[in-house]
C-alpha cells in the first residue's frame, strides 16, 4: 500500500513523477496563525535545484539539467498566516517534452530502482526514473520550508546540514559560514576544493562518488520524541532513509560508540551557574531514550555514489513476455557525479519536517 | 502524543513498565488462517531473558536478574490458527516487590533516559527505568514470534542476527551454527571467547562495552517496501532505532559506500540458467529505491556501551521545587556489561515485525 | 486489515473474544499527570455487566449470564497519576469452560455476524459470537472510564446517555436523576415501567425489542472537531456505529431537519449580559461545520432488536466442503430482550473516547 | 490537529478554500494497473457543478454561481493505467477576483461554520466560507471518480444515490433511469416536479429546504468491513457525516428498526437453486456485525436546509478586541435553496472512496 505521507500531526504528502505533468505536496497540520513567508518556499527550491553557481565557483559536481521549479501555493495561507487548513503546493513540469527513451523502457539500470519498481508494480514509468527520481525531493524541500517556519515560531531552532566527506576527502574544520561558499556545501572551503578536484578526476573516469553528510540542530528543547516507537532518532532515521541514495545514519558517536566503554560514552550532566542543565560531552547526539535531552542534535548520513555512470555496465533487460536476458548498458545524458551538495537541503528539509511534527506531538505529553 | 504502536497492517502495540504489575502487547492485523504455535512465543521470550547458560559456557556478559517471563495468550487464536482478530499477550511481573530506590527517584543516571523522560513528562516512574527499561522489549519479542510465523506462512524467509563486534573485537567468520553456542551470540566461537575475555576485563574495571550487530534475511521476494516514505530501509531504520542503546544503522556497504565509486558500488545484475535474476555483489544490502531487489537483506546496527556502570559518575539531581544540583552517583545492583547478545533477538523480532507488515502491505501494490 | 484501534492522540486498542481466555485494551495517549481513580474503571464495568438489579426493580430486560468482570490495570499509572505511557487493562474470562455448541459451529444465526465473519475470514470462532460478541464492549467501557477522567481534568464536561424509546414506548420527560432508578436507564421512571411491561410481553412471545438512545454532553468548549474528515459528528458517527446493534445516528434535529426550512432550523446566536455567546435553539445538536459551537452536544442512536430470539428461524448452514443448505434454527440459552440499557454505558464510553481525543487534537489547532 | 485525509489504503487528501488560488487532492493507494479514464474525472466534476440544466428542465433548486472546474491530473497515471504512485489533481480557481465581503469578515452567519471556525482557529478566511465551503467537495468528487474505477476493476459494483425526499415531499417509486432527468436527482420525475414546486414556494419566501438522500450499492461481495472500529457502517458514517449539511445516517431499516421486533427485523437467509446465499429481506441494509453480507448496501442521509437564507436573521459579530455584540444580518448573493441534488454525487463519491478502501483492506483478512 502506497506510503506517500510522512508525519502524524504535521503531515506532508507528496506526489509527482520525474517527467509527468507536475509534482507537489499537501502540507497538513500547520497550526493556524503561523507567519508564512511564501518567498522562502521558492528560495528553498532554488537552493535545491541543479545548475547553480555556488558562490561563483565552478560547480563541477552538479548536473546541468535545467529544472525551472516555480512553486504555486494554492491554499492554506490567508493574509500572510497559516489558516490551520492544508497548504497545497504545485510545481508544474515545464520542460516535459516527449523524447526517445531508447532501451530504458526495457533495460534495468544497475544501482537504480528500475528493477525493484518493476518487481513491485509489474509496470514502470521509465521516463527519468518516474517516481523514484530525485526530482520528488523538490516537494519535500518546499514542505521543509514551511516546517522550518513552524519551528521558528516555536523557538530559536537552527538546522544546518553540510558535506562532511566526499570522494574520500574529509573536512578539517566546521565553519558554517563557508557552507554556501563552495560547490560541495562543505563547511571548509579548502577541503571542498580538494573534494572537487577528486570528483573531477572521478568524472573523467566516467565514474561517480559518494560521501557523508552531517546535520546539527541547535535550540531544540529537551523532551522531544515519543516512546516507544516514535522516538526522535527512530523518526529521523525513517525520514532520512526515505531519501534516495542514503544508506545509513548514526547519531552522536554512532558506530564509533560501539568501541567506547560506558565511562567514556556517557555524557555527564552538570548544572551551570544559571541553574541550567548542560552536558560535558555529546556522544548521544542529543538523544537519550529516544527523547531530546537539550544538547545539540547531531547525526551523520551515508550517501552512496551516483548510480548513473558513463562506463558500460552489465545488466539485464526484460521482454514483453517477462523473460529476462543479460545485456550491456551505456547510460547517456547528464548526471550528477556526487549527490552530497544537492542532498544537503533535502536532509535539512526532512529534519525540519520531523522536528515540527514532534514539537506539535509533544504538546500532548502533559495534561 | 504517545506512540506505542508500530506497523500499518501488521500492528504491534506494547505496554508495561519495568516494575509495574505486568507488560504485554496486542498484535493486530494477523490475517486469519495462519498456523500459530504458541510454544514458539514462549521460546522466543526464553531466548531473550537474562540468566541463560548459552550452550554450557559461562555467561559472563549477562546480568543475573531473574525475570520469569511467562506469556499468557488471551485472544486471537482458535484451534491453532489466527482468527483475524487481535492477539492479546500478557506477561505478569511476578517479582514486583516494593523496594528502596534510594536517591534514584530524584537523581538522573548518566546515559539513561531519566532526564529526558523527566523533561518530557514532568514526572517519572523511577523504578528500574519505568517505560524506558529494556524490559519493554519482552513484548516486542513475543510479537516478533508471531510475525515470524506470518512470514513463514508466506515463504521461506529466514532472519538471522548476530554479534559482529563487541568490546572492540570483531568476528573472523560467519558460521550461523555457532551463534547459539557462545555467550555473545557471535557466529564465531573463537572470536566470541576473545570478546568475553575483553568484556571480563572491562567488567573488572567497573565499566561496560558496546558492539555491532549484523542481520541477514534470506528468502525475501523482490518488491517489498512502499515509496516514498514507507521504504523498506526507512521502516527498518525506524524499527531498529526504536530499540534502546542503538545509535546507528547501515544497509549493505553502508557508510563504507561513501568512499566507493559508482562502478564498484553498483550491484550488476545477471540472469542465471534458470532465467532467475541475480546480482554480482550486494553493496545495496538488498534494497534499491527503498524496495527489496531479491538479494539478501543485510544491515548493521551500532550498540552503545551499557550506561549503568559501577564507577562514580558526575550527574545532577532535582528537588521538589524543580531546582537542579550537581551530585555524584554510584549505581548499585546487577547489570549487563554488554547488551549485544540480548539485543540480537530483539533485532530479529523488529525485523520480522517490519517484514510481516510490508509483505501484507505489498498485496495492495497491484490490482 | 484489522482495525481494532480508535483515536488519533487518545488511542484505544481492544482485544478479546467472547469465550477466549480474556479480553482487554491498551489506552495510549493519556497525557502524563492526569489523576486516575482506578476504582472508577471497575465501577464502569460493574455498571455495564449483566444481571444487575437497577434500583431494586426487577430487571426484566437483561440477561442473567454471569460475567465477573474484574479489571486488572497493568501499567501506565504511577502514584495515582497517568505516566504518559500506555495503560494496559486485562479482564480474565473466569467462566470459560468448554461446552457443547451444538450446530452453532456450522449454522449461521439470522441477524448475527456469523455469516459475515465466515465470509470475511473463511473461519470463525463460533463460541458465543467470538469477536463479534457484545462482550467486547467491556474493554471499551474500561477505556471510557479513563477518557472521562481525562475530560474532567480539562473542564466540567458531563456525558449522559439514556433510553429515549424502547419497544415502541417513548419517554415523556427527561429527568437525569431517574436514569439509574429503572431497568431501562430511561430518564422517566413512569415511561420505563411501560417499556418494561411491553418488553415482558415481547419476551413471552419469544421475541425481542429495539429502541432509541439519546446522548447529551454539556460543558464542551466551542472549537472541537477537525475539518474536513475528522469532524466532531463524523468521528462520533464512526465510534457509535462501531457498536453492535446500532443502525443509525442523528445530530440535533437530525432526520427531522430534512423537513424544516432554513429560517426555522438555523440556531440564531445572541450575546448574553456577560458577553458570552449563546444560541436560541439547538437544531444543530451543538455542531456546525463539524466543529462544536459551544451549545450542548446532542445526538440520537437507533438500536435494533436483539437478533437472538427463541422462535424457530429460517437460516442456512455450511458443510466442510463449503456447501450451503437451508435449515431451521432454535436458539437456546439466555439472552437480552432489549439491549438499550446495556448499550447506554457503551455510548457514553465511546463518546468520552472521541471527545478526549478531539480535546487533545484541538491543542494543535493554533500555534 | 488537521484531518484532511480519509482512508487507510486508498487514501484521499484534499486541500483548498472557496476563494483561494485553487483546490485539489492527492489520491494515494491506487494499486498499479488500474485502467483510469481521465475523462470520467472531468465528467464527475461537471455533474457536481452548479448551473446545470438537468435534462432540459428549469433547474430551480440550484445556484447560478459559475464555477468552471477543470481538473488537471499531474501524476500517477502512465499510458492510461495507474502507476501505484499518488495521483495529484488540481483545479485552479479561475474566477477568483477580490471583492467586497462587507461585514462578513466580522459577522457570523447563522447555521454556517463561521463561528465554530473562528472559535477553533482564532482566525478565519471569511471569503465564501473558506475551507468550510461546499466547494471543497469538488476534490472529493474527483477522487470518487478514481475510486469508482478501482471498484469497477474489482467487480460489478454499482453505486446509486438519489433524492428520496425534499421540502417535505417524498418519492413514490424508485426508477433509477429518471434520476438524471429532473432537477432534484429523484428517481421519480413526478415527485420531483412536486418537490420543485414546493422549493419554488420556499424560495419566494426567502427561505430554504432540506431533504433525505438514499444510496444503494449492488454487487458488493460479502466480507467488507474491518472489526471492531473500521466496520463498514462505521466508516461510511464517518465519511458521509464529513459532508457539510448532513445531520444523520441510518442503515437499512435504521431508526425504524427501533420499533420492530427481532422476528420481523432479522433478515432470514436462504440458499437458491445455484447454491448462492440470499436474504428474504434487507432490514440490515446489507451490513451485519459491521461487515457486508452480500445483500445490497442501503443507507439514508439527512440533509439540513441551506443555512443561507435571504430573510433578516439575528446573529452576532466580533470586533478586533474579540468582544461579541448582537446584530442583524441579511445575506446577499445567490445560493442553493435545497442542497439535495448537488449532494447526491458527493454521497456517491464518498461511498466509492470508502468501498475502494475496504475492498483493498479486505485483501489482508486471510493469509
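Which chain is which? They are A, B, C and D, in the order written, and residues in each are numbered from 1.
Following the convention adopted for this analysis, a contact is a pair of C-beta atoms (placed from the backbone, for glycine too) under 8 Å apart; a residue touches a chain by one contact, two chains touch by 3 or more.
To keep track of the chains, here are their UniProt names: A, B, C, D = Chorismate synthase.
Keep in mind the model is a prediction, meaning the values are calculated, not measured.
Asker: Please report the smallest number of touch steps linking subunit B (Chorismate synthase) to subunit D (Chorismate synthase).
Answerer: Each step joins two touching chains, and the minimum needed here is 1.
Asker: Comparing A-D against A-C, which pair counts more contacting C-beta pairs?
Answerer: The comparison resolves to A-D.
Asker: Rounded to a whole Å, what is the gap between the Cα centroids of subunit A (Chorismate synthase) and subunit D (Chorismate synthase)?
Answerer: 39
Asker: What's the distance between the Cα centroids of subunit C (Chorismate synthase) and subunit D (Chorismate synthase), rounded to whole Å?
Answerer: 27
Asker: How many Å are there between the centre of subunit A (Chorismate synthase) and the centre of subunit C (Chorismate synthase), using C-alpha atoms for each centre?
Answerer: Taking the average C-alpha coordinate of subunit A (Chorismate synthase) and of subunit C (Chorismate synthase), the gap between them is 46 Å.
Asker: For subunit A (Chorismate synthase), give me the residues that contact two or more of the other chains.
Answerer: Each of 1-2, 4-5, 8-9, 14, 29, 32-33, 84-85, 120-122, 131, 227, 360, 364-366 in subunit A (Chorismate synthase) touches at least two other chains.
Asker: Should the pattern of chain-chain touching be classed as line, ring, star, complete or other?
Answerer: Here the contact pattern is complete, since every chain touches every other one.
Asker: Name, in rising order, each residue of subunit C (Chorismate synthase) that touches subunit B (Chorismate synthase) in their complex.
Answerer: 1-2, 4-5, 8-9, 11, 13-17, 20-24, 26, 28-30, 32-33, 72-76, 78, 81, 83-88, 90, 92, 120-125, 130-131, 360
Asker: Can you name the residues of subunit C (Chorismate synthase) that touch subunit D (Chorismate synthase) in the complex?
Answerer: 1-6, 8-9, 14, 108, 110-113, 115-117, 119-123, 131-132, 136, 165, 168, 202, 205-212, 221-231, 233-242, 244, 246-271, 275, 277, 280, 283-285, 287-294, 300, 302-309, 311, 313-316, 323-326, 361-362, 364-366
Asker: Sort out for me which residues of subunit A (Chorismate synthase) touch subunit C (Chorismate synthase) in the complex.
Answerer: Spelled out, the residues of subunit A (Chorismate synthase) in touch with subunit C (Chorismate synthase) are 8-9, 29, 31-34, 82, 84-85, 150, 153-154, 227, 360, 363-367.
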